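Each remark here refers to the structure printed beneath this line.
Every chain is named by a letter (A, B and C) in the order it is written, and numbering of its residues begins at 1.
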């Protein structure tokens, strides 16, 4: 094993964007449907995919099974151990110190940030999903002309709770990024709110979505944005983050913007990170879906022109703790592979490689989220 | 040679999308113009391109010439052998069992599905190109308000002929995919037909193109869609298959949709295949244009997240049987390279690799086109 | 070292698109701000990026420093030598014979084409940036209905100066390429000119930008187009060159069109070069920003289907001569890597590889710009 991999393996990661996992034992159907961004279709097992292969290869040994164990054995062993022990093993194996947990997506009953921290032996912070806040404001009842103020107040309440370090938007899912970048006027917001508050729809009005993005700016916390790859609710081409360019110009000098996932637009995201001071990126979610076999290639494209202080690590794991483990493993292995190769060809000096590894795995996130003082490093 | 390559070399392929080849001996100009998706330009020989290099490297030996034979020798030998013998050698070399032949594109006099089957020692099925059917309906004469019914009836007649297993659309060429996804109303179709039937244009009216796509759904057969790379008649960015997302939602649960070619949007196509049950993909056409030197890299991107039951093989060869050979060779070599590499690094178990190879080369197509009972496997 | 690399190292390059360098010694802030397409941000040194690493690795030795020298030592030594000596060393090291210099971008005081030629021991030609010509026409004063004629006359004057071999447009920056492709009418130009001439804006009116592109066609010289990657003034997705498809159809048979930079749309650019006779491409700018570690990968994608007579070399260096050096080095190393690999796997014959190397590094540019007779090759 190369020096870079050794160093990366010892970095206590900051997973700056992840979710909880289901608090129940899972039968095959339930496990398989969590294994894919699609669904479990008749005759097409999600195990027969890159992520399924990666689970059998890299997760089975942590359940005391041989590498590449068949799905049926994997699931049986998983049930025997029980979800709590399975979660504990995978989260501990990630070597993660700090989790920033998006608590706004929970179609299933899942673990809380505190549960994750306890199981992993680390610390958790919370990321507030703003679409959820807006939808709560509607549920609580509000007049159209009071919506903007009520949403701002509710968001402020949400982010002032202890442990909240960032906000998140899934505008990519709701409208895509080809929006008018300007802050909407009060009258526009009231008019849009009038239609939306009376509807049963989730927040997908273009005026209210950009109002939400501008409210994020007002809150002053780092803003995480889903970009690129997701489930079939997304229109992928509208989630290309370069559509945000005009908005990034208008909001320059305000809050850090963290582009999540990015694939297959990781080069486009790298461009934005290279030319906008406030832009950062990760390739979370992608890491476990492509698996360790391709994580290095995707990271290599993501880093083609990206300044080294702009890449962060996230797993974006949801539902099963296998994804926390695979994300961390794919990140360590993929980044080590790319850095070691450059060291071996003398394109990069070893001390620089080690610095980049540490920055991407940990220090960049501590810096963006201002966690440095809260989380003195133990090593 | 690795175990995966050996296994792949012995798979009898299903080429789920290809065309016939010219039934005449070709002079240099004619051969060169078939060698490129552009044209043969003064001073720029199509031999001086990746596909030209691949022909000299991989096709010359089948004509008893040394590898990398110069174009002039290659063409002379080709003429000596005659087109029938040349075709026979290349088609036999593909190791293809089943050809699904798109019979709707024939600017030249080309071989029929039966000719291909005989020359190759395999079986042929037919793919009906729906734009051709629509244009025949116009040619036969029809009133605007009878167009929809006449087109549907003609398409039904066409697909009920023996041996037809799929329909195809070149909507990508005619309008691109950024269309209103909804089924057009009868009145809309009549109105659009009124303008189009009186024109001399090919079918490129947006209403009639989406009507065609919805008619395909009504027919109930698998639908092949050209996406990505083609000649200069395409607007590449409008052939990005993610523009089909809304239409795929509306047609979920109906017919399988096979995304052809895909390059340079192979990752986008993989995304769709991962999140829509009905979506499949191949990288045909691309395989011979990038050549065996890059086929593995393109396949690797295509498979980054694609479920293994969703990748098919096609050559999309047209005009010269060199392309059938290069397609098959590039597919076997490229897929073997990627699978073997994962086996060697223990990211993939050998039995799984062999299964994936067989699925992609043969079984996935048999399944989608329901050819399983018609073509029992000999091996 | 392989035979291809040796051959490539001895090719006297034609850098068909570059700029001058600052005629002053640079302090750390000034140097760093020239090192990035972004800006030098507090706490994020441009040295901590792929291009910064490449400078320390590949430029330090030319200043008599060890590889990977720290920035502070690098800058100190650079100051000691003085900008003239630094420039001389880097330009000589490029092994470039001919520079085609875009003289229309000079936010700093920079060297002239003559300065570059002298320092490098080569020859320089000039590329006229048409947006600058249009803006000069406005500055000189003109009536709206005389604008078209005045711009054409001024452009004609500019390109008739000795040594001018091409024109350039930065339409990608001003409007992007999703423009109406048709030549605007006189009335449209006059109307658009009326608004623009009275404004203080740079030339970013869509009618005037496409009028500029059509004026380029009338001039009859090769047209260089910025595409893809640049600073944050660009909307990257609108700089995808496939948006030019309709315009390329309308202008077929007129002037050569040279797509500059292209990243991350190098495959899209390759598609256009493969299907339009008049289209050529390079991956300048990208070469030094991704550095020698990734130049081979980017070139490989750029050449996936591109005819070998369609790839050119440019550095697109601006500001610091390190970029001229890195561009040339990354090009030689990257292209050699890709060609040697194909020779080693017998996908390509060595004589063909050497021919491709020479074409891309030199002969293709001599041919497009008709420099063959003016610059007989010395070797």
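Operating definition for what follows: a contact is a pair of C-beta atoms (placed from the backbone, for glycine too) under 8 Å apart; a residue touches a chain by one contact, two chains touch by 3 or more.
Just so it is clear, the structure is predicted and the values come from calculations on it, not from any experiment.
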Open item on the list: Over half shared numbers or under half: where do the identical copies subunit A and subunit C land at their interface, same or different?
Closed with: different
Open item on the list: Tell me the rotation angle, 0 to 180 degrees, that brings the C-alpha atoms of subunit A onto subunit B, to the nearest 5.
Closed with: 120
TODO: Averaged over CA atoms, how far is the centre of subunit A from the centre of subunit C? Could you give it in whole Å?
DONE: 37
Task: Shared-contact residues (touching 2 or more other chains) in subunit B - done: none
Open item on the list: For a test of understanding, state which residues of subunit B touch subunit C in their complex under the given definition.
Closed with: 36-39, 41, 43-44, 46, 48-51, 53-54, 56-57, 67-68, 229, 231-232, 234-237, 263-264, 289-294, 297-298
Open item on the list: If we count contacts the way the header does, which residues on subunit B are in touch with subunit A in the complex?
Closed with: 240, 242-243, 245-246, 248-249, 267-268, 271, 274-277, 300, 303-310, 342, 345-349, 352, 356, 367
